[in-house]
Amino acid sequence: MNPLRVTIWNEFVHEQENREVARIYPQGLHGALAAALRPFPEFTVRTATLREPEHGLTDEVLNQTDVLTWWGHAAHERVRDDVVARVHQRVIDGMGLVVLHSGHESKIFKRLMGTSCHLCWREAGERERVWVVNPGHPIAQGLGHCIELENSEMYGEPFGIPTPEEQVFVSWFEGGEVFRGGNCWTRGCGRIFYFSPGHEAYPIYHHPDIQRVIANGVRWARPQGRPADVPRHVPVEQAPEKITARGPSVHDAAGRLASAKS
Amino acid sequence: MNPLRVTIWNEFVHEQENREVARIYPQGLHGALAAALRPFPEFTVRTATLREPEHGLTDEVLNQTDVLTWWGHAAHERVRDDVVARVHQRVIDGMGLVVLHSGHESKIFKRLMGTSCHLCWREAGERERVWVVNPGHPIAQGLGHCIELENSEMYGEPFGIPTPEEQVFVSWFEGGEVFRGGNCWTRGCGRIFYFSPGHEAYPIYHHPDIQRVIANGVRWARPQGRPADVPRHVPVEQAPEKITARGPSVHDAAGRLASAKS
Amino acid sequence: MNPLRVTIWNEFVHEQENREVARIYPQGLHGALAAALRPFPEFTVRTATLREPEHGLTDEVLNQTDVLTWWGHAAHERVRDDVVARVHQRVIDGMGLVVLHSGHESKIFKRLMGTSCHLCWREAGERERVWVVNPGHPIAQGLGHCIELENSEMYGEPFGIPTPEEQVFVSWFEGGEVFRGGNCWTRGCGRIFYFSPGHEAYPIYHHPDIQRVIANGVRWARPQGRPADVPRHVPVEQAPEKITARGPSVHDAAGRLASAKS
Amino acid sequence: MNPLRVTIWNEFVHEQENREVARIYPQGLHGALAAALRPFPEFTVRTATLREPEHGLTDEVLNQTDVLTWWGHAAHERVRDDVVARVHQRVIDGMGLVVLHSGHESKIFKRLMGTSCHLCWREAGERERVWVVNPGHPIAQGLGHCIELENSEMYGEPFGIPTPEEQVFVSWFEGGEVFRGGNCWTRGCGRIFYFSPGHEAYPIYHHPDIQRVIANGVRWARPQGRPADVPRHVPVEQAPEKITARGPSVHDAAGRLASAKS
């Protein structure tokens, strides 16, 4: 099997503006995530960040990306619409996408989900317990019953997402809330995994089980098939069954709209 | 039960530019659809079209709309983005949406689905048979095994949609293709029904069973509940369980991002 | 609209064997549930219990039942298989089913789900908070953000169910677990709602919001359509398109398997 | 990666009773399917049939089976219930299951689905076109837009299944019907793929693309994770959060129902 080419995207803002975050993630959140994935020989890992030209997500980079991970929070609105459109098209064509934590409000996630993607939250350093609700799912492999995070940001319901196609994790919070924090969808040929833990003010991405989930998620999201060759006009003479065109028409033989005022 | 307030939206372009279409739908496609729904005392029906100010979809109109139906084809790109955003928010907040035929490529449908919404097509006036695959679904009530349309436009797979949450109809075409032409989704609090028959060059919306499906679809899509009150910050002192804030923070007590360079 | 005919089924064992349960539910759990639904003029309510002939679920009773609710715990194995088969067929044909609490291990629920339906549990009188994850769903109407139960039995993940088609509630437990406790499925023409709160040793069914959820669930589960008329043989001469039979055959013209050793 | 251990089950009745079937499948349907999978080095293949002791599906065989394929038609009722229960448990624990053609009425498929699994049918040797509706799905890899079968048995809607979690194929029939003939579900930790082509009176399993789908389906259905360790009682002292038992109880400390008449 060829190596899985992973691009780790991070807006890389908090780490440059907040000393506490910089202390926890001296190489940036992207650096920590890359360091977590690099030991696996099956992955080749690169990173990209907001301030690079085209946010580091040029056609050339995406041509060499099987799975993209996305972390953003403070600068969602600064991500260019044309880059979002490009990433969206890649997902539809089969690239996997792993959306992390506050990436739930990113343009790309909202565009793929079609919903608000809003939620409740509280930053109190409280305990979170990420429960495996589907131990048979590949993303849950190697874990125990739950992952316990001593300090976490609370994300709570209602979470404005379409019904997950597969639910892998549901979180419990010390302050009394729950959250559907590990969810899978397919859009076009691309697989999308959202995973909620990862607040920048706590060392969550240094936790081995969190790293394991992200590695599993990247594996799960690898491209599965070929993109659909649509839109596609099927001329009458290429219909699988022999038919003859009948009745009025607003298109010409090539499927273009006929000129107006006919 | 209060009457269900239905707004029928039509781009209303073909009827003004193509004599054949104007002959079949002298009051416009919206006029034909309105005439089909008006006999039901449970509905109050209005129409709106592209060339009206704000495409006829002002806040005032949407405030009085429980379910919106959408037909567009030639002018998808002329629909204003701010109106699309407004309609999108209404759906998320509970307004039903019935998307008809070539509305599969409308901005609002693509925004709610998050996918390409592309398909294959052929305009040959061929026979279509719309099969009920789920006779227990409310949208299929009053129908036989299938609806036969002597002249129809072929829409074929692969149809670039998320997996339907409920599948009501699948179409057979004389030329040899199939199509998932009657599909249900929920996005936020709003219900969405896509129904493929309805090519403007044939009198499909005059067919009693097609009218029945659209009436059933409108009923099914009626608002079900209340919108989610998110995003919402839950201050520590309002946590359901008593907790004390711990650890570093990037937000202030009101949930705003703390100023930079802390 | 015709009244919705509800039959409340209860195994009615604990109430006769345990003083504490009898004290909380002097009319039985079925009596408490019936008392909760009777004030709604839209319902007509009857009850049925294990020790009645055919467990009170005769053809005559089921003929007059639109929605059946099911509570069982200690005596799942004493429910007759033929009665289970009868109830199963009714659900497939459109009768709604609301499965309560320990009914997750009932024969009828396991038969409809096809999975283990197992879970984790602990009876410690701990606090449960039932969160609304889908405020737009009809079953959540009239509730706040969550229902708080001061004493409840813990049900925890992994819950061995098929992915819910709609998720309405997820529970938080004081002892640290979570549970997908309010889930919807459709099987055949019948709608199924599972709702986890309802341990017999606590007065949970006297809680107004729990009663509200059950009333909403019964309304949601009302029959929606007509049963499918399958299995059905379609003779060649009744094919929608004219075709001629070709090739070898293992059936005769009526669709019966041809006699052996041909 | 370890080889994938495939067991091909066939009732093996028609081949012994009908000369035409025996001519097409001289080694039995299981022989043809085994011959199709054996060339792939990633599979190790064995077969099992109805008349073998325990239908060839002993614990020993199932212990060495990653994916089971199932073909049955004339003898569904002769499959022992205890063997069905054993296979069912294996699927819940992670074994993949590929159900072929008339296996839709098998005990194991109906048990996993929970529905009628009924359909319409006609044996007229008519043309079937199996359309790929999801080209991004792993089961569709290596195929064109559709598979054309010159002679096939018609299977038609409504098909009494739960909504497929993933839809891969939909079939078109010359006689005018459609059928959802390639569907995926997960039950417990096990993946299930149903694929409709495969009537015994036509050489369908000799078609390279049909063989390809079955090979892809077997790969897709390979075990993904670990079985859930439920049912499981969590004693109070093992609760993740420290709690104290409160209130009345109907269980003893080990989670057993307390003796009656307390």
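Note that the chains take the letters A, B, C and D in the order they are written out, and that residue 1 is the start of every chain.
Assume contacts are C-beta pairs under 8 Å (C-beta built on N, C-alpha and C of every residue); 3 or more make two chains touch, one makes a residue touch a chain.
Everything quoted here is computed from the prediction, not taken from an experiment.
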Type of subunit A:subunit C copy interface by residue overlap (half), same or different: same
Please tell me whether A-B or B-D has the greater number of C-beta pairs in contact. A-B
Could you put a whole-Å number on the gap between the CA centroids of subunit B and subunit C? 31
Please report how many Å separate the Cα centroid of subunit B from that of subunit D, as a whole number. 36
From the C-alpha centre of subunit A to that of subunit B, how far is it in Å? 26
Two or more partner chains touched - positions in subunit C: 129, 134-135, 156, 158-159, 163, 165-166, 176-177, 186, 188, 228, 240
Give every residue of subunit D touching subunit C within the complex, in rising order. 14, 17-21, 74, 92, 111-116, 118-126, 151, 154, 156, 158-160, 162-163, 165, 174-177, 185-188, 200-202, 228, 230-236, 239-241, 243-251, 255, 257-258, 260-262
Taking the touch rule as given, give the residues of subunit C at its contact with subunit A in the complex, in rising order. 129, 131-135, 156-159, 163-167, 170-173, 176-178, 180
Taking the touch rule as given, give the residues of subunit B at its contact with subunit C in the complex, in rising order. 94, 129, 134-138, 140-141, 146, 148, 165-166, 186, 188-190, 224-229, 240
